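Across the two complexes that follow, chain A remains constant while its partner is chain B and subsequently chain C.
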Partner chain A sequence: MFGGLVANMTFGFLKVAMLFATVRAAGGTVQGYDVGSMSAYIWVSQGMLGSVNLHGRLDFSERIKNGDVAVDFLRPVNVQMATIATEVGKAVFALIPRGLPSVAIGALLVGMTMPTSPTAYVLGLVSLVIGITVSFSTVYLVAVAGFWLIETRGIQILYMVLSGFFAGLFVPIALFPDWLLALAEATPCPSMMMYPIDILTGRTTGGAAYGLVGVQLAWLAGTLLIGHLLTTAGRRKLEVQGG
Partner chain B sequence: MTLTAETDAIPTRFAGYRAVLASRMRSQRSYRSNFVIDLASSGLVGLIELAEVWLLFHQVTVLGGLNFTQVLLVFGLADMCYSIADMVVGHCDTLPKYIREGTLDVFYLRPQPLLLQLMTSDISLRRLTRAGIGLTSLVIALCINDIHWSVAHVALLVLTIVCAIAIFSAMYIWAAGVQFFLIQGAEFTNAFVYGGRYAATQPAAVWSLPLKGLFGFVFPMALAAYVPALRLLDLPGPAGMPNWLAWCTPVAAVWMWGFALIMWRFGVRHYQGGGG
Partner chain C sequence: MVDYIIETDGLTREFTRRGKGRETLRKTTLRAVDELRLLVGPGESVGYIGANGAGKSTTIKMLVGILVPTSGTVRTCGIDPHRERRRLAAQVGVVFGQRSQLWWDLPVRESFDILAAIHQLPGAAARSRSTELIEQLELTEFLATPVRQLSLGQRMRAEVAAALLHRPRLVILDEPTIGLDVLSKQRLREFLITERREHGTTLLLTTHDMGDIERLCERVLVVDHGRAVYDGSLDGLARAAGAERTLVLDFADATPDLTGIPHTTHLGSEVAGARQRLAFDSEMTTAATVLAAVGERAQLRDLSIEEPDIEDVVRRIYRASR
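Presenting the complex of A and B:
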């Protein structure tokens, strides 16, 4: 956990250097970001990094590969829901040792603009939990592809490369050109990280904030449904050797 | 026939390493479709990293004293050299797994130096496409930037590429050495290994003082690409980094390798075995 925090800090300060320079070079604001709100974006995103799954790895994919999943199917619980719930639980806990310190250190050492209204925080936290859940419900899709592919490393890496970029991990998606922004919004990735940040930092407020939560819920429902269908189909396809 | 005679004549000391590397290369290519997906993903990594830089220049024209074509030179140098180092020694970051599972002890059974075995135990051919993105950026940047070529410029470019690869490789080696103490602490070293790659592609003029100290001199990432690029472009450096430092990249490489080998030695001395 300490190592993770050091990594968060190092990348955080490098992002501060580049993005602050961009804001200053653009004359103080770039696409509505000033130095204070850019700092808030950077440190909240660094804080979420330990909780939002942007690497695409899931223990469950290993269980599909080695056949342990057969045991999971025997248990009287929904395999998809149980997997996602376990991971979301771990991820929400990680906010305490990794998320809060990142934001606190950023606020103390660099300074940031945070919203004053309590609704931004309440709605922001709701959005944050939905965002974390969307990341795992999407990674679950990568894992269940293993019912057909066995080895899912290829798509896992593909997910890792694209999700961070489209989730706005290194550059906020508001800085994307229109066509790239449209492409990003056609994926569930902004729902994992960018939208919760926009709400938590007060960039998006009022009705628009509720709209973003609505989009997140739609992606959550969509990915859960596809995950359910793939689990059912994969269960029929599953063939475990030996026993 | 003379060729076989010659290869046979090469001291058998290297034959083992050569055989392992050759078998690794063959094995990666034998699962064709998986290899193609790997190549594509790794090329995509390079493209996305380039896009992250380009996106900022989509908003402003000059960042840290450089415009986009000039930053492309920094990016090309840094990313190509990093990818080559990653291809050759990047698998050293699987060491924590070997230590935890106790499989490292197998390496001790062979009559070859541990570090050399680890370095030659694999070679990730899939990183070739990513190095290709770096090379392409570098070549484009060298063509479109206004560089007054001379013998010194060519010498500096070659020297930089060699030293930068050495610097990035050494980062993996010291990180591996520290794993003997950390066991589960790869995230800590990743901050500097992968953070270092990210830092190397940036114009160091934007860094705060602590960052300049950390990635300018302790882990000399700025010397791997940014400062040599300034020298090639004949641009002055920011405070504390005059562009003549470009000629000091060999010093940086020697320092990093010295540090890496000392860390490695500490680590190996500390290691007590997996108990098997």
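Presenting the complex of A and C:
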């Protein structure tokens, strides 16, 4: 946990160096970001890094590979929902030791612009939890491919490369050229991280903020549905590894 | 009409295997369970034995809805296991000897709490049942220990408790005594005997340990290549297998091979014949007769009798059925 915090801070300062330079080179604002709001983007995104799954790994894929998934199917629970709920629980907890300190330290050392209205925080937290859930309902799709492929590391790495970029982990997706922005918005990735950040930092407010939460919920429903269908189909295909 | 706890007919499961490299497209079909018909009534105790790869685990996984049958029908506790897996899970308890259903990093007690929550057991029922299990399986001393720090014997006892927490009607144990020492095996068997007596639980168990079968099972089912080749009592099994006992004879001096004694087979000699092994058929002759015949030929110093082991019985049943 502490190691994770140190890593968050280190990369946070790297992002500060690069993105502040971008803002200044553009003459003080770029796509509506000034130094204060860019700082808010950086530290909130760093704080979410320990909770939003942008690496694509899931215990569940390990359990498919070694056959422990047999034990999961022995329980009177929906395996997809139980898997996602367990992971979301852990991720929300990680906000305390890893998320909040990242934001607090960034705010103290660099300074940032924060919204003044309480709705931004309340709706922002809702959006944050949905975002975390979307990341796990999407990563579950990567894991469940293991019913057919057994080894899913290839897809997992592909997910890791693409999701961080499209989720707005490295730069805000508003800085993308139009075609790339359109591409990003055609994936569930912005719903995992970019939209919660936009709401939490007060960049998007009012009706537009509710609109973003609506988009998040749509992606959540979509990924859960696909995950459900794949789980059902995969169970017909399932072979328990290791006897 | 009897409501069977386990009811299968024509139950079949095939696996496809692909070749390597250039042969990737060539598929071979492997039939793990082949037209299995099995009826188990309430309260029965069935030992399910067979060589490794005979299809025992695959059958179990179909009985509880983990695997889908390729063809045939299966009903467990009157339920279609694959279609209504979650409803069935409330009535069946399974222990896979080589997998764990406990939470590796959590204390045993907390694993039980989580399982009680997963099964939505009412608080009082969960408490009284776990107290009962903790007492009978002697888990008290390591209840607060994380699962990863338990010895194998301790962990297996905790696994059995975890599988029985929700008072299942059917308990399936897949090699529950694998790797356990004599004392741990003994405890586990005694517990299962008590559990059956008090709750009328139906028991299905696979094992390679003849002791498990002798102590726990009234009925034995032997499978070979996914087919049932014997279904009946344990005594009947030994008869059907014509299982011979083996005399291990130690002589004072080197002795020529003891061949030609009626109803015996000379299995081998060691130390230039100072130790010899004779198999005899207990239906045709007696140990005393054999010993008398041996005594005429050489001076006996010591002897012991080996009972047939389960692998041996299985091998004989296989040979007879092929």
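As a working rule, the second predicted complex is superposed on the first by the 240 of 243 C-alpha atoms of A that agree within 3 Å, B and C clash if a C-alpha of one lies under 4 Å from a C-alpha of the other, contacts with A are read in each partner's own complex, and residues count from 1 in each chain.
Everything that follows uses one rule, which is that a residue touches a chain if its C-beta (ideal position, glycine included) is under 8 Å from a C-beta of that chain, and two chains touch if they have at least 3 such contacts.
Model, not experiment: these values are computed from the prediction.
Residue contacts after overlaying the shared chain place A:2 against chain B, while chain C stays out of touching range. When both complexes are overlaid on chain A, the residue A:238 reaches chain C alone and has no touch with chain B. Look at A:174: by the touch rule set out above, it reaches neither chain B nor chain C.
In the superposition on chain A, contact of A:70 is made with chain C only, not with chain B. By the touch criterion defined above, A:154 reaches chain B but does not reach chain C.
In the superposed model, A:13 makes contact with chain B only, not with chain C.
Of the two partner chains, neither chain B nor chain C is touched by A:183. Which of chain B and chain C touches more residues of chain A: that partner is B. By the touch criterion defined above, A:26 lies against chain B but remains apart from chain C after alignment on the C-alpha atoms of chain A. Of all residues in chain C, those touching chain A in their complex are 15, 57, 61, 64-68, 82, 85-87, 89-90, 92, 94, 96, 98-101, 118-120.
Chain A makes touch with chain C in their complex at residues 67-68, 70-71, 73-78, 235-236, 238-240, 242-243.
On the chain B side of its complex with chain A, the touching residues are 34, 37-38, 41-42, 44-45, 48, 51-52, 55-56, 58-64, 182, 185-192, 194-195, 198-199, 202, 206-208, 210-211. Considering their complex, residues 2-4, 6-7, 9-11, 13-14, 16-22, 25-26, 30-31, 151, 153-155, 157-158, 161-162, 165, 170-171, 175-177 of chain A touch chain B.
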